[in-house]
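Here chain A shows up in two complexes: once beside chain B, once beside chain C.
Let's look at the complex of A and B:
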């Protein structure tokens, strides 16, 4: 009886399976391109100086050592510049959140005259290359005595991140329903209370994501920071200026130190990424 | 007196017409940002123009002349433009392919997305150093070649402009494709799968569905990504600096050199204005070209 069952056409199933395999192959190839360099810089940063001088370099972690990264961290100016970087990042985060959140709330909740020009202004400033600001700003800072301070870097980085902060945070506020805010007002909250007790808790995760993004932008910014400072350099600026007269081991360890925050940031923010960038578009 | 009386009820009954006489709350909310941006954007731009064109006795073209006369200037312009022309199309094809692969819902999709998004937060200097470890003469790529029995290649040598260009290109491709990817993935999320399925029901091939359904719907996202990426690509600097030093001059690198090494902020300001002009021009061209095309398809 079983032999008389009609023959099953397996071609679509086969095609489906073949497509799945092709998709996986593509994914793995791209992952290799994206992840292997990260693996290699980690490997280089945790090799001993001696093994970095060998050729060919070992492609597997055969002798793990903290020598290279340790030497990098102990070399002059690195710890201080690490502190400056953290300080500049934290300052940028605070300043651009403090200025950006009210503006974002206004963009999300109010219809006001000049809203479209204001938004266009934000987009325009986001498109302005940072060199255009840095060189004249250095001159202005020199005359006002702010040159070569962390405040100078915070000012530039806030200007750089503010448009992005405002646009991202505005989209966060848009995602909080107006109804809950109105309900709070109906039950007797003042606007400020309604904001603090109802809107702020709901918007907090998104605002936190935007702020951390601000921190990463500040951490990553090289050119402006190295133009605006001489002695109080941030970490990227320190690495950049000592690039020409430093050993390869120093550069590899520096590269690794600069990559770490990126790994942490993406790991924490993974779920917000598409929301953040998707909503800034509109 | 009358105004005081008018004001009193306004605080208790929002929305009454008298409220307009006070400063509206919106002004308080957005004024700090406008003041800040004017101070740190408007002022420097004006100062930059003055710096570039004003000498000791009024208007001068001396600095522009020195900028153009520098032997590194035209190579820098050429390199920057060439990099954009080659990089952007490759990058968009790669990013769209990556997004479509993710949309096919493979196993380990979330892990892939995480790994592919990491370079989004990697700075250009770090990306340059990462690829330096791979491409330097005694680096990992040459080690691999050596172990496979090939002759090592000096990828970053001064007399090897093609591989020099390719090195910067690959590093930039690695670093900045994630930005396009995230924007395209976000855009794809906004497109219902129904369109694609409907087209499939009517017998469209995968290629036709991509070309006639998905890409046209993705256009707003692509437009933003294109403008953003091009402007950021014009600013390419630390990647080239870390990989090649002075061997692959780019526009922003020249600005840095004039400012830091040659100690001439005026020429640096003139170069910065060139970069500003190129950025503005490309975004204008993009906006115009893309809008015209969408009109054609609409009509």
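Let's look at the complex of A and C:
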């Protein structure tokens, strides 16, 4: 009854297995590319000074000490500038969300005259180098008395992050079906309530993504912050100016102090980014 | 619910062109029409999601034409379900009640009642993403019926369900709405849904209501050719025919059928003869007064056999009993009962009236 089957050709199976291994290797390589510098910085920040100069450099934490990082944190201006940085980041986040989210909603939901030029115009801020933006801003801040305050930095950073905030959140609002919003209206919501109760929660992952960009940009931005402030430096500006001529160990500690808060922030926001009600983007 | 008239130019053409419709309290009215006929626009103006250019909408004697959506005391089932994905089923159903500020007790009992009615009780603590399409639609219906709204609006609520589910949910929906007794306006492009659900059916075309009546009347006495061919499966047959000078018979191809009395006035005129496939008798032998036709295709459907035949050069569909046997190419004999024939003006395609 059964027809004789042709011999099973195992070449495609072998190819499939080989490709899977290659993909794994690729993933590991890319992960390592990201993770190894982080590890090295952390290692150096928590090693004693002598062990940094050893050769070959120990790749395992053999000589853990909080000495370097402790001295770094105690040195002048570091803790203050860390505070400034956090303040600038939080301020930028608040301001750019407050301005950007409504703008994004308008872009996503309403057809209005000049919509396309407006979208293009948004990106123009980023087309200008930060230096070109900062110098006139410094002039303006000097005359208004805002110079050398955290507000000055918040203003600049908000201007820089608004385009990304608006464009990212606009695309998220586009993905929220109009139907759902209309349903909220039919069931008794005013437009504002419909936004707060239904649209905003649904757009939360996108807003979280935008806020990561915003915070990290504000955290990392050096040039504008160092032009606009003198005594109230943000951490990167402080590190850049004060550690340029300090020892190698302190530089590692500075790098570590710069990376960690941003990483922590991303880790916190990640929850909102990937957790969609009942279905998780894996 | 009182009369409403509205015009709404969308682009160059009017989406709804001076439509007036009275829906009685507790009535189930179906707006039926092909896509783009303005039925959804009409519903959206009723809901307040669309602002009419002119005309008015009144509910229970209260003018609501320009009233914001949330103040109209309506509820609605959307085609895409439009359940809130970030809220659990329980909160979805309770949403409208909460917004209206009902007491927690009231909300809980209402939600439990609706969940029980729609068999959603086991799923109350799930998110919509964890439900199937049919269950999500149940949530949307539950959310709408807990509202005690003046008018319940439904925008093609069944069209996203698969065929089997659609059929079973249709009956369920009809029962629920019947028991509730809420005034309902239901939009669909599915003629079988319209016929089976509505107390009255409003057939729409190009922004106008072409015919409004109870389902059987609309099915049996289509007001024009469009209604006849849109309703029913298969569509009504329309054949070119000529009324005899005497007005007593109608010539169709090489035969003739007896004309009803209303055709006396139309002696010698060309008319369109409309007849439903199930109202045509078919035989393989010649009987008195029958018209010969050539069989083209036979499609057994189980309970019946659907025949495609040509009379002269005109094609028509005939529904024969399931036991009917014949081969394509054979000649069959068709008989027409005068009381099932409808006559239409050859040019305007409107029904001829006796007056």
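The definition used in the following text is that the second predicted complex is superposed on the first by the 247 of 282 C-alpha atoms of A that agree within 3 Å, B and C clash if a C-alpha of one lies under 4 Å from a C-alpha of the other, contacts with A are read in each partner's own complex, and residues count from 1 in each chain.
Assume contacts are C-beta pairs under 8 Å (C-beta built on N, C-alpha and C of every residue); 3 or more make two chains touch, one makes a residue touch a chain.
Everything quoted here is computed from the prediction, not taken from an experiment.
Taking chain A as the reference chain, the count of touched residues is higher for B when chain B and chain C are set side by side. By the document's definition of touching, of the two partners only chain C reaches A:202; chain B does not. In the superposition on chain A, A:79 makes contact with neither chain B nor chain C. Contacts of A:118 after superposition: chain B is touched, whereas chain C is not reached. Of the two partner chains, chain C is the only one that A:187 touches; chain B does not reach it.
Look at A:252: by the touch rule set out above, it reaches chain B but stays clear of chain C. On chain A, the surface patch touched by chain B in one complex and by chain C in the other comprises residues 277-279.
By the touch criterion given at the top, residues 19-20, 23-24, 26-27, 30-31, 33-35, 37-38, 40-41, 43-44, 53, 55-59, 98-100, 102-103, 105-107, 110, 112, 118, 121, 125, 127-140, 155-156, 158-159, 162-163, 166, 191, 216, 219-223, 226-227, 236, 239-241, 243-244, 248, 251-252, 254-255, 258-259, 261-263, 265-267, 270, 273-275, 277-279, 281 of chain A touch chain B in their complex. Residues 47, 49, 68-70, 74-76, 78-80, 82-87, 95-96, 99-100, 126-130, 143, 147, 153 of chain C are the ones that touch chain A when the two sit in their complex.
Listing the residues of chain A that touch chain C in their complex gives 177, 179-180, 182-190, 193, 198, 201-202, 204, 276-279.
Of all residues in chain B, only 14, 24-26, 28-30, 32-34, 36-37, 40-41, 43-45, 47-48, 51, 94, 97-98, 101, 104, 106-108, 110, 112-126, 128-134, 136, 138-140, 142-144, 146-147, 174, 179, 182-183, 185-187, 189-190, 220-221, 224, 227-228, 231, 234-235, 237-238, 241-242, 245, 252, 255-256, 259-260, 265, 268-269, 271-273, 275-276, 279-280, 283 touch chain A in the complex they form.
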